[in-house]
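A, B, C and D label the chains in the order they appear, each numbered from 1.
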């Protein structure tokens, strides 16, 4: 499929020139195009932030909700209509800060959605405060003496919760990132893709250069080995990229809820059975 | 110190006979008494739930806040007056469900507080719905077909975030639990103590008996070994008890903020320097 | 000889009051008596002291009285717990063997009934509850037949031995009761009414949940919180039969945002919560306002602030429901006054939410959720589930500017169009905009819908003479209490006006109020929030207020007396 | 020859408008001109089109005008962006080399000024901003001295070469400006005033933050959110000097609960946020109500619902602040009208919160936060930090029932007593209770404080003749705009009434309103929320409304005209 099908006509993109969000936008379009997903069958769900603006530059169905709250609606959308491909996408502050609790429990729920996080290690839209993933020592207008909190480790946490797909990539590497995203989308169940994304305006520490120099791709790594995946996830001297962990066994949320065991019909095509309701009401006569 | 100093005069305890909260109450009193902590220098912070009622049966300073919100005030109380011993205590639903985001970020902040979680794997006060730690298959009035979500693994998550002290114990074993709690309180920095607590009214699955049969104490385990700690934390066939992980290196939040570098005086004894304020205001004349 | 009786069971949590209540109410109903029951209880699972009130009568009974005709204390301190409600006429059936507080025989009418002994003789103390049930049945001369049959059904799941023992217990109890009657220690005769047998016995919780199903609800996301949890539990139990997704969220924020997402994808979703949980949903409420998403919110009130009194009742979150959410957007607030309302209004809520693409509240409270009575079977014949979603075409615009402010609502995957919704201010296509003129159009669009709503309000219900001089105003759960209290006054110059929709305030309101020489408002809160709403929208200032905020709803006598004091 | 001038810089985000604005306003002030500046900008970091307005005058200027006397467009489309505000008199200093839109010379007065060329000659395009600064200075015949000195200071951190280049740029620009004057293409003479030099230039953000420090604030927990973040940033920068703990929380819920915990332990804490973030704090607000905890909330409004227009302004969260939080408890809402207010009211907020143990709001908005002007240096002489905490004795009870409802507030570790606070309904000692009579006493205790507050409100400020026939009512950030607009009307029958405290509504309100034959309310929202509050508390229904809700505050001329239309 031609990626242009996802292009929006004459729009003004609100990102800074050189922002790592541009390559991600391009890569994502390619990934879904190559998977042959039609715009009308795709839903991009996002929160608020620079990353979270991505759906506005993407010709498809969009649910751009609240800051930090992309995962709950994404889960519900998939549950209400499993035929849709659902991607929940936002920044690191949105997903790991404001949205941290949903991150934990969505992993536990394991809906068949893809969770893409633009990890620029900073709050971009609000002008450069530290995000949960900001590196120690990173100075900002609020963290005037530099960040001293332990950076949030999304991969390690996801693996700790036995997430069904856990990967990390770098916006600077289109090819590998595209492949990882395609795998994530194809994967049945919750898939986390944390993407290192340079913020040229507010993060002068973690630049394209920095990411190039401080990352490497996992090699002969067995993604089924949770223990090893964790070991890699907590490595900080150098930051591994690739698919860290896969748990292929897990049934998805949509499978577990049972709503679709008998029929696949999405909720909007279903009518409540009023006869059943009558019978149910009648039970309140007999009262057992 | 005599534990009776913490006893409340003629109170009606709202827990069910046989509840695992009773031993925890007793153990906690002994622990703080043995550490010689005065009631006036101790603050019990809790949320809402059966476990969270514990401060009302404990003669000391109490901040019984909102469901899921014990950690933020506990952090602030310690920061405002580091001379106080602060314990944040609640149930599994409170700390890992409603309060999940604070759990993550309090670990990152590493305030010198002790976080005790009464883990009965159920929502007790609201009459028996699943909690984040409920075991798969556990049937409840809401989870009518049994829980299918992956149980939340607080220890693995804490270790993933490099928490500075991570332990688990069992309310049925007073001695060891008391020692672990004492170590947690003595530890400088955030200390998680997850306590298996039988709920005799709503959790017929995870009973005293069940916990006895399904737990064992870590032996010749090196708590400095994070990798191994994780391995133990994700073990599910049998559930290890003891101190899983310690990171002795980390400075506490109170140390990091710098407020107490020059003087230890708690905030309530400090007066703002109005002269400095005058000078600051004057800067708005010169304007550089 | 009175034909309206109030029986109160009082004991510890977990002592089996519920079983006795359950059996008695059902047996009474099967025997053709009108039944009403409600309870007050502590926020704990075992111990403490709780009480359940059961009223039976030849005519409809639907409100709580303080009067106790028969008291069955099940633990020490039970009598003291309801002391204020006991009169010299109150018959206290007490098992002296188990309850050893020394009672003041001069002040109270105690009759010693050996529930426990009888039970023990049958084989186990635990049967004493059923003995008590039998005793009451005996007192009312309900055919032992009926009672036994029901007890049998009730325990049918249990072993045969247990069933037999319970039947024996019922029988022995029955004889005890009959004995009391013969020894004419007690005498009642309450006419019964064959129709009642075929009526349904429904609680506020059940009515809201059934209404939701009738409204086509197929998605509920919620976080447990008293007194709202029952609705989630009910729908979870019915999930399989009605294809409902019932998900317990990690917190109320998730619950609200899930429900909005579900509507976006074509589901009919609701949340159920109480004050503190709703506070956490208010950002999401504002999101619904901006997305123009339908959402049905069941808000079951309890006393605040903060955790307050978790298992008690209050009507103090009206203003919260009215003004929650940042920014400006329309909403509807429905406040059922009786069980039937709860069903039909909840059903309607889904249609309203879908038609106007706005939040619709069902505002109840603990008293309402936990009360139940017999009523004619619900009429489902003209239940109509309006679905207001359209099949989109290629150039579909979610926020098309229209004359009345309502844009046809499409959903993703249904039609050729793309459905774009955005929490930022947006253009007609749904994409983020900073066009400030468009901003104004979008604000006007959203607020326009409020005008439509004002023309379609559910009028308040006036009961009493049209030429009333005095008017009692109330809303929500106090309906039946006010009704009975006003009836007790036995005056022909007084009527009462009940609001089952408080917002938008029905246009008829001022007409009704202006007709009255005196208006008295009755509210279960401390600051008379509804009076403020009325003043704001009609300019009429209701000065006479009867307010209660101790955590309990009004008792009929209490309200009657207060009204009397004001009116005489 | 007018002596009040409006200069507008318009360009992309990140193009250096801020630098030009910063330099110009400071230089003008140092040169003794009264200065006012404000900005409107998009929610993005680079690109788009933003504009900054700088007014200079011989007298005080403190409000935004639409009129543009001098426009400096810095990018394509800039002129179009402010099209509506341009008149034939507007002088557009445009660098035709960089800005190539074809302008309609007939409609606009363009003067080509080679900013870029000049800069390039000095060595780099980037100096063009400073060239522009110099040009303006030249136009006003500000001593090159002053300008250069300041430019020097400004770049002092940079390398000597950079400093020199910038000085050269300023000089060249100055000559360009002077040239324009000599060639009498342009002529202004605006008297300047020596006093201004020694005044301070302060923004709403800075005033709130300084007020907090003056209030003894030593703890701020917040989550970034425009337009409230500036206060956190300011206090974080001052944290070391003033021993303030400034913590960025993981979310607003944590921020609020931290702040309440901090007060419990004896700190003086505040939160700063905007609508959506505040919505998340509302459960915590109710907690403060129940714990009777002091808390200062800076709520900087922006247009909603939901994300709305993040960088724009609105006054639509008044009702949210008024009714947020479940259950019933008192609060105070302060709404600064000018920079001085912002300082003194925020200072006072901490004392009020501590004395009454309640939430106190400082309600501002984006327009207010981002506007600044010169004003006499703040008077700190009678700043008084009231600490209302007591040393506890052994049998201390946190919620001792007292005549006025206020219980002496102890803190843990200070004294012999234990401090117990509880979100459940509690007894005097602070422990959970289900005593329903005590519940009533506690509700009354909390609400009693509202009566105290009513006797200590900050009266509204009346400006204009005492014998006014027409009264304009406003609140918060519109103060200076209304003031200038009313002045422009030049009528002796009109006055305006500004509220710096909106809740509890000052008692004087009705007296002022009753005196007026006509009352007009001015609000930056769509539903006139303050008029509703006034109606509710005074019964007076203000029918004439001037409302604006496109995301911008009022322009003086716009408001003048609207008032004129209404009055004539």
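Here is the rule we use: contacts are C-beta pairs under 8 Å (C-beta built on N, C-alpha and C of every residue); 3 or more make two chains touch, one makes a residue touch a chain.
The structure presented is a predicted model; accordingly, all values stated were derived computationally and were not measured.
Looking at B-D alongside A-D, one finds more C-beta pairs in contact between the chains of B-D. Seen from the C-alpha centroid of chain B, the farthest chain centroid is that of D. Distance between chain centres (mean CA atoms), chain B to chain D: 41 Å. Our note on geometry: chain B versus chain C, Cα centroid distance of 37 Å, whole angstroms.
Centre to centre, using the average C-alpha position, chain A and chain B are separated by 30 Å. Residue positions 42-43, 48, 239, 250-251, 253, 276, 283, 287, 291, 306-307, 310, 422-424 of chain C are each in touch with at least two other chains. Shown for chain A are the residues that touch two or more other chains, namely 48, 66, 97, 100-101, 104-105, 132, 258. On the side of chain A, the complex with chain C involves touching residues 11, 39-41, 43, 45, 48, 53, 55-56, 59-66, 69, 71-77, 79-81, 83-84, 101-102, 104-105, 257-259, 266-274, 276-278, 280-282, 284-285, 287-288.
Interface residues of chain C facing chain B in the complex, by the touch rule stated above, are 14, 42-48, 223-226, 229, 232-233, 236-237, 239, 246, 248, 250-251, 276, 306-307, 310.
Residues 26, 29-30, 153-154, 156, 198-202, 206, 210, 213-214, 216-219, 221, 238-245, 247, 249-251, 253-255, 257-262, 264-269, 283-284, 287, 291, 377-378, 380, 383, 385, 387, 389, 411-424, 430-432 of chain D touch chain B in their complex. Those residues of chain A that touch chain B in the shared complex are 97, 100-101, 104-105, 107-110, 132, 145, 148-153, 156-157, 159-162, 226-227, 230-231, 233-234, 250-251, 256, 258.
Per the touch definition, chain C reaches chain D in the complex via residues 42-43, 48, 253, 275-276, 278-280, 282-283, 285-287, 289-291, 303-310, 312, 314, 316-317, 319-320, 322-329, 422-425, 434, 436-437, 439-440, 443-444, 446-447, 525-527, 532, 535-536, 539, 541, 549-552.
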